[in-house]
C-alpha cells in the first residue's frame, strides 16, 4: 500500500508523458516501473527525480553502468529501502551482474555492515594517515 | 575517545602479533591502523574481524579491489560510520581511485540516499519485473 | 504479520478500554488504529506510548498540529518505519496537509537525505558560527 | 578531519566563485560554511548540491522557511549527520526558531524515534484507513 | 518477494545439505527457515553466514542464549530488518522469553531510540568519566 | 560542540536542581553527566527524559540492570549515537560487565549488523512459524 495514489492515466498529463517518453527512450524499453507511476502524482517531483537519476545513472561517466547499479543497491540495502534494493539489483542484473556477483556484493555489503557496527562500538581515533 | 583501552604494547600478545604480522604481509605495508590497535584489547575479536576483512577484501574475486573499497565506503557512509568512511575512502585511493572518482562516488551515494528517502516515503508496490 | 498477537477483545481489559476511550475522545473519532490494537497485548506499554504521543501531539504547543505530523512523518521516513510513515502522513492530511504539501515534504526530506549522505561522506569540521 | 582536502583558494576557480557569489547574494550574508568550502574540491558536485539546496530552501514555497529548516534538521538528526544537524538547527534559529521551539522540535523528533522503534518491533498491518 | 530465487531442491547440493543438516542437529529441530532456504542460492555465502551465526549463537559463552537472542532482536529492530526482527524475537521466545519480557524489551529499545535521537540532536561532549 | 548552550549554573533553576538531586540519589553518586548538564537548557525536556530513563533503567524489572545497559548500548551502536554508546557501555561496566563481556557484546551486535544487511538484501518471506 502506497502513501500516494497512483494516477489512473498518468500520461494524460503532458509533463508526465514527457518524462515517461524520456525514460523509455533513454533505456530502450517500454517498461516504466512503479516508482515513476506513483511519482506521477506530482509532475514536478517526477521531473526532478528523473533528472537526478538520469544524470547519475544514464550518462557515461568514470564508473561503469553495472558498477553504478551495484553501488546504488549497496546504499539501498544499508538504508533498508525495499523498493530500491529490488529495483537496483534488477537493474544491475540487466546490465550484466551475474548471480555470483550478486552473492559477492551481498557478502561485501554484509561485511561492511559488520565492521561498521564494530567501529561505531569501539570508536577509535581516525588515523592521520587517512588524510586525502 | 574510544570505548575500549588501546593496549600499550599489543604485540606482546602472540595472537595479536600474528594478526598484525599477517596484516603487514598481506598489505605489503608497515601501517597497522587504529581499528586493529584497539581491537587488540580482545585477541579473539581481532582475529575474527581480520579473518572476515581479509577473506572479502584481500582475496582475488569477481569484483576488483578498488571497486570493493568503493562499495565498502558507500555502505559506511550510509551507516554513518566515521572511522570506516575515512579508512575505506583512503584504501580506495590507495588502490587507484582518483579524486574525480571519489566525487562521482559521493554523488552516486547521495543520489541513492535521496531516492531511498523518496521510496521509503511513497512505498509503491515492487514491480514483478524485478524478480530475479 | 506482526511480532505480537492482536488481542481478540482488547477492551475487555479495563486499562486498555480506558486508553481506547481516551484516544476516541481526544481525537473525536471512533477509529483506533492497529498500533493501539496490537499494543493492547501489554496494557502498561499501551498506556506509556499513548501518554507520550498524546503529550506531544494532542496538546497545544509552539508548533501547529499539521506541522507536527509532517515532522513526525519526516523522521519516520528517515527511520524506514513503514507503519509510522503511513499513519503520520495520513494524520497530517487529516489536519489539512494537501497533496501538494505532501509532495513538497517528500522533496524536502529527500534533499535532506541527499545532503546527509554528502556530509557523512565529506565530514568537514563544524563551523563555530553554528554555535547556539 | 575531512575525507577531501579543503582548497586553499577555492574562488580562484571561476565555477566555485560563481557558486559562492550566489550563496552570498541569496542569503544576504558573507558567510560561506565549510560544507561549501570543502565541496569546492569538485566544482561540478558543488554546483549540483547548491542547485538542489537553493531550489528547496531558498525559493518561496508552500512550507515557510523556518519550518523547512526544522524539518531538514529533524531528518538530519534521524540520519545521525553531525554537520547537518548543527547547520540546519543554526539556520532555523537564524530564521526565527526560539530555543523553546528547538526544545519542542527535539522532543517531537525523540518521540518519533521512540514510536518508530516500537512499530518496527511490533510490525502491525497498515490500516486501510491510511490510504491517501 | 525476494531478490534471489529460492532453489527448488536445495539439498541436492552437497554443501547446502551439509549446512542444513548441521542447522537441524545444532538446534534439535527439523525447521530450516527461509533465511537458509534462500541463502542456498549461493552455497559459499550460506556456509559463511551459518558459520558466523553458529559461532555466536549456538556456542556457550558469557551471555546466556535467551539474552543473546534479545540483544540480536534489539539490533534488528534498530536496523529496521523485518525478517530478522521476527526470527530473533521468535528465537528468544523459543528460549524462554515471555510476552512480558518481550514487552519490556520493546520498551527498552524504544527508550534507547528516543534518547539516541535526543543525543544526536544535542551532541554534548563525551564525559571523560566514561573512559574504559 | 553541542547544538544547545550548557547553562552556567543549571541548579539555580529549581526544576533542574530537583532532577539533578534525584539523579544523584537514585544512582548513589555525585556524577551528573553532560547529557543532563546540557538538557538543563530546557527544564521540561530534562524532566521528561529523566522520567523515561529512570522508569526503564532504575526500577527493578524482569531484565537485570546490567543486561538492560547492554541492550541499551546495542541499540545505541546500531543507531550510531556516539554519546549514548559511551555512556551505556560505561554504565554496563559500572554494573559489572567485564571487558570480555563487552567484547562478546560487540561481536554479537556486529553479527546482527551483518545478517541485518544480508536479510535486507535478500528479503525472503517471513516464516509463518515465527508467529507469536
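The first chain written gets the first letter, and so on, giving A, B, C, D, E and F; residue counts start at 1 in each chain.
Going forward, a residue touches a chain if its C-beta (ideal position, glycine included) is under 8 Å from a C-beta of that chain, and two chains touch if they have at least 3 such contacts.
In this text the structure is predicted, and so the values were computed from the model without any measurement.
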Co-neighbours of chain E and chain A - touch as defined: B, C, D, F
Same or different residue numbers at the chain B/chain D copy interface, by half rule: different
Contact-pair overlap exceeding half with A-E, pair selected from A-D, B-D or C-D: B-D
Approximate Å spacing (C-alpha centroids) for the pair chain B, chain F: 27
Intercentroid distance (Cα basis), chain C paired with chain B, Å: 34
Separation of chain A from chain B, taking each centre as the mean of its C-alpha atoms, in whole Å: 21
Multi-chain contact residues (two or more partners), chain F: 1-4, 45, 49, 75, 77-82, 85-86, 89-90, 99-100, 102, 105-107, 109-118, 120-123, 126, 130-132
For the chain F and chain E complex, residues of the former touching the latter: 1-4, 6, 31, 33-35, 37-39, 45, 49, 52-53, 56-57, 61-63, 67-68, 70-72, 74-84, 86-90, 93, 98-102, 104-105, 107-109, 111-116, 118-127, 129-132
Residues on chain B engaged by chain F in the complex (per definition of touch): 1, 3-4, 41-42, 44-45, 48-49, 75, 79-81
Residue ranges of chain C in contact with chain F within the complex: 1-5, 126, 128, 130-132
Interface residues, chain C side, partner chain A - complex: 80, 85-86, 89-90, 99-100, 102-103, 106-107, 110, 117
Complex interface listing, chain A residues touching chain F: 73, 77-78, 80, 82, 85-86, 89, 105-106, 109-118, 120-123
